[in-house]
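Look at the two complexes coming up: subunit A is in both, with subunit B in one and subunit C in the other.
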Partner chain A sequence: MRYSGIRQGAYVLLGLGALAAPMVFPAYQAQLAVLWLMVVLALTWDIMGGQMGYNSFGNIVYFGLGMYVTAVVQRDLFFDVEEYAAVAGGIDAQLSVLQYFAGLSLGLLAATVVCVLVAALLGSGILGLRGHYFAICTLGLGVAAGEIASGMDYVGAGSGLVTPLYPADADSRGAFFYFYFLALATITLLTLRGLYARRFGLAINSIRDNEDKAEAMGLQTTRYKTMAWCISAFFLALAGGAYGNLIGFIDPIDVAFAGSTLGVWMVLMAILGGKGTLWGPVIGAAIFHLTQEIFWTYLLGWQRVALGFLIIVIVVFFPRGILGWFRERRHRYVVAQDASGDPA
Partner chain B sequence: MDNARILVDAPIFALQLLVDGLLVGAIFALAAFGMALVWGVMNIINVVQGEFVILGGFVTVYLASAGFHPMFGVPIAALVLFVLGVIIYRAVIFRVVERDLFTSILATFGISILLQQLMNQLFGADIRNAVSGFGTVLLFDGDIAISVIKLIAFAIVFAVGAILVVFLKSSRLGQAIRATAQNPRAAKIVGVDTDRVYATTYGLNAALCGATGALVVMTWVIHPFIGLIYTVRSFMIVVVAGVGNLAAVVAAGLGLGAVENFAGFILGAEFQAAFVFSLLVIILLWRNFRLSRHRKVLR
Partner chain C sequence: MTILLEVEGVSKSFGGVVANRNISLSVAPGKVVGLIGPNGSGKTTLFNSIVGYHPIDAGSVTFSGQKISRLRVPQIARLGLLRTFQQTHIYAKMNCTKNMQISAATRDRGLRHMFGRVDAEVTGKAERLLEFVGLYPKREQLAGDLSFGQQKLLEFAMALMSEPKMLLLDEPTAGINPTLINGMIDRLKKANSELGITLLVIEHNMRVIMNLAEHIYCLAHGELLAEGAPEVIRGDQRVIDAYLGAH
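Up next, the complex of A and B:
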């Protein structure tokens, strides 16, 4: 490979930049942490939406479920539920460092277990459905989850749930969550790269390209589809659990099952960068998050209108996304070179 | 579950819920006509359905605030939405009709977000309604109260359904629509302008949704973010009834209305929306289960 030297150099630079970023921009640690969260969201959406051709509008379910499970475990390990609700996670509810991290890691563990189980259970049912039924079904699932959570008193119903306070000063909190999300994004990316290079990647690509044929060749399509959904759920649970702690307050509809923000963004980011590619969602997430910070503020409330517009434009005119577009151009260039170089 | 006991103790109350549910179910069926049409003819699952309904409601609200009776909203919202539907077809939908379903679902999903947020910006996020002022009729010594607007809506839905059937069966355009639904290529060969057929179908769907919205805003309330539930209801109805059968769509709509009304009463109003969305998941699971049994028989 001609590019491999450049490529490795770019990886190293990217890694160094990512590690140095919170030191260079200490005021933006939380924003940068959210950048990596966005990368995770886009990557996990792309497993189904891009590589497998199954649009899921309900992946936010696992994000919110993971958030709630983590917070509930954190709460129930050390507090009495009613007492906790009374102080609303206030000053009295201070945990020691050990307690906090024990609660967080146990909570995240529980969240992944619950989310993967739910994904397996739901998936084995609804993933037997073909894509369009699945798409609408997930659309309903996301809203149903938010509605149910805002009716359940155990998790604070519509008034939300406060996560336990981080037991140290704000700086180390920002840094902790930054590196958590950076690590999560890296692990997600590496895991997916490994998976896409294996039989799993071929299987889900074949489902996207021709599901009937894949099934006729003896592929257990429903099993692979469920597996893909479980993998999404696993990473989304880890992302959601920590994001709840980063925000500090879990609102059922605006934070946890945030279908109209994060739920839409993950779709947009993946198709913007180029769905069905490994790096596309990463690029899409980075571009989306950075531009959102810079020029979104000038749109003054119209940004969500612009969001819908952007989705239409990308889907209709630019379906391959940024990375796909570059690949197509390079492909054309190579083909043109070959043709001109051939004297016959 | 205390509410469930009320139903057993006072069966007249159950009758009230049933009548109410059937009447509102007809309104759901009206939007589902449109979804069945677009799904059957264009092979598009139109996620924008609910936003069209809400837009129809807003047209009626503004008509009412301009001094007209909200009943005029039914034809006028239909007309406005027809134009909007054709515009949306000419701008976006025609580019995705012949592409795969994933593309068209994503595109209509984008349009739905666009319209939803646009309504939020232009009309505000407040809850709106339009008062029809028709009052209620009492039956069985006043044990059962039925608001007249729901009865009128019921009648309108049946009338529109009948007109739609006649239109599709006997008019030239209706025949062209059915021909396109059966085989777009063959229809093109025999001289049907499929592009125009698609535009009309999509506009007709939007018009049906607009009329639905006018009825919805007189029966309940609307706000910009409530659209999705109408999309989901239409989708459920069409999944249960199938795309080619308007009578079944009406039946499924009435059934959904009744079920939803009972569930809302027994579970409590705060869980009614959650029930609708969960019902969607259950219906699809059940459909899948039935299909998988069917497959085993084939094996």
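Up next, the complex of A and C:
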């Protein structure tokens, strides 16, 4: 009882802190927005990687695809493609407030539809692979997506795509994206909490623990696996679509299909916090993002080395993640208490 | 219907090794039938062939009047024909109750079912069955922390949870300590008599199988060697030779 009171108090504090943050640190709005983006990335990776035991390195595909679809819809609704390419980022590309948000909303909507469909298609194709084979296959997907985007003139090929300018000053832009990503992270977390408490959660956990058994028991494993990937893709599309607008310029390999940065980080963050737990990815994302910002600020030039060192520390000392480490300790404590309290 | 499971002329080879050659057997509903044979005689391969784990080379399998030779594992499981494994297969990082809840019969296949809550009825049944196998006090424990024998009991309870018509049990008492074996035999008999589940049991422990089965098939070198009532099998010279290595 007391425990649940503390927990509720912590939620309220966290919520208030999150709402107040952009007012308290107005200079860091963009970084704080990216923090919530990281939370979304880690949470969506953990659906497959943590709860279902399928290590996917291809989730970045939906992030990038969502980004491109959103930007393309925003562009094609109001501009001629060639004209837009000619004036990219110029003053002529200015939209009215109404146009901008209409384009963004429709773009995000289209992005979710496309990404979920692609996930269903790819999933029914390659989710028959297990273990390392699946991981390697998804790694290929991410690389392939980046290469394809780099070759398509319609989306600017290798020179990238500029998203429409935000129709107001920089402060309100930062605040808008901060609250967008905060809302997205919150909705993702609540949705997953609900799903994990239902039959869906049990089913993907059973696939993680013993897929042969789940099949032998008559569970429709392929449907659950594909559905899990579609759910990841849905939230990743919403994340990617807005991130493209936050950055303002979509480079196919460095921003959209950024497998070597965001694609790897989403895995690391989930593992750091504790994969297969609800709050682990959130904690992992927060610590990771904070450390990374500190490295950039104080260890410039060595930030990648420091990041590599952090990764080694995570893997060696916290193989089950921070939350997993605490749970293990608590478990041991409880077992020790039981043993000392019970003479039998 | 007088036959629940009908295996007709099933053959299966892996490369040049013939694991099953032209095996036929039939199980009537409500019966307990045994399948014995020395190590490597093809018992587990036959189980795998029946439940669709791998395609068979020849012959046919019929369950409840329906040809299942070409169906896959989950489809066959949903028809009510389930197998358990020789090595325990449980969901190690989930607690016992959750292991049971996800094993509940899944006739409903819609999205509402996928994303639905586990209803109280299912949880109640899970707890009753855990009580039945004696694991109720351990329901909150992770299945992976149970002893091997307890995991076997849990796996058996999970099978019952999905309300099968027929269970194929691969050595249900192997690795269980001798005092627990009697409990396991009682529970198998109860599942058969009270829940009406037909059983086909692979077993090496002769005391167990003679006690349990009404009819026994014996395999050796991938072929059906003998069949009959337990007393008949016990006295069959060919069976004794197969076990003692006269071949």
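As a convention for this text, the second predicted complex is superposed on the first by the 320 of 344 C-alpha atoms of A that agree within 3 Å, B and C clash if a C-alpha of one lies under 4 Å from a C-alpha of the other, contacts with A are read in each partner's own complex, and residues count from 1 in each chain.
Heads up, the rule we're going with is that a residue touches a chain if its C-beta (ideal position, glycine included) is under 8 Å from a C-beta of that chain, and two chains touch if they have at least 3 such contacts.
Everything numeric here is computed off the predicted structure, so don't read it as measured data.
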Tell me which partner A:L307 touches in the superposition: subunit B (first), subunit C (second), both or neither.
first
Subunit B or subunit C: which reaches more residues on subunit A?
B
Once the structures are superposed on A, label A:Y224 by its partner contacts, choosing first (subunit B), second (subunit C), both or neither.
second
Where does A:V315 make contact in the superposed view: on subunit B (first), on subunit C (second), on both, or on neither?
first
Figure out whether A:Y133 sits in contact with subunit B (first) or subunit C (second), or with both, or with neither.
first
First (subunit B), second (subunit C), both or neither touched by A:F234:
neither
One more residue to check, A:G151. First (subunit B), second (subunit C), both or neither?
first
Both subunit B and subunit C contact which residues of subunit A?
none
Spell out the residues on subunit A that touch subunit C in their complex, using ranges where they run on.
195, 197-200, 202-203, 205-206, 208-210, 212-221, 223-224, 227, 276
Interfacial residue positions of subunit C with respect to subunit A in the complex:
51, 73-75, 77-78, 82-83, 85, 89-94, 98-99, 101-103, 106, 109, 113-118, 158, 162
Can you name the residues of subunit A that touch subunit B in the complex?
53-55, 57, 122, 125-126, 128-129, 131-133, 135-137, 139-141, 143-144, 147-148, 150-151, 260, 264, 267, 271, 301-302, 304-305, 307-312, 315-316, 319
Touching residues (chain side subunit B, partner subunit A) in the complex
45, 47, 92, 95-96, 101-103, 105-107, 109-118, 120-121, 225, 228-229, 231-232, 235, 239, 268, 270-271, 273-274, 276-278, 280-281, 284-285, 287-289, 291-292
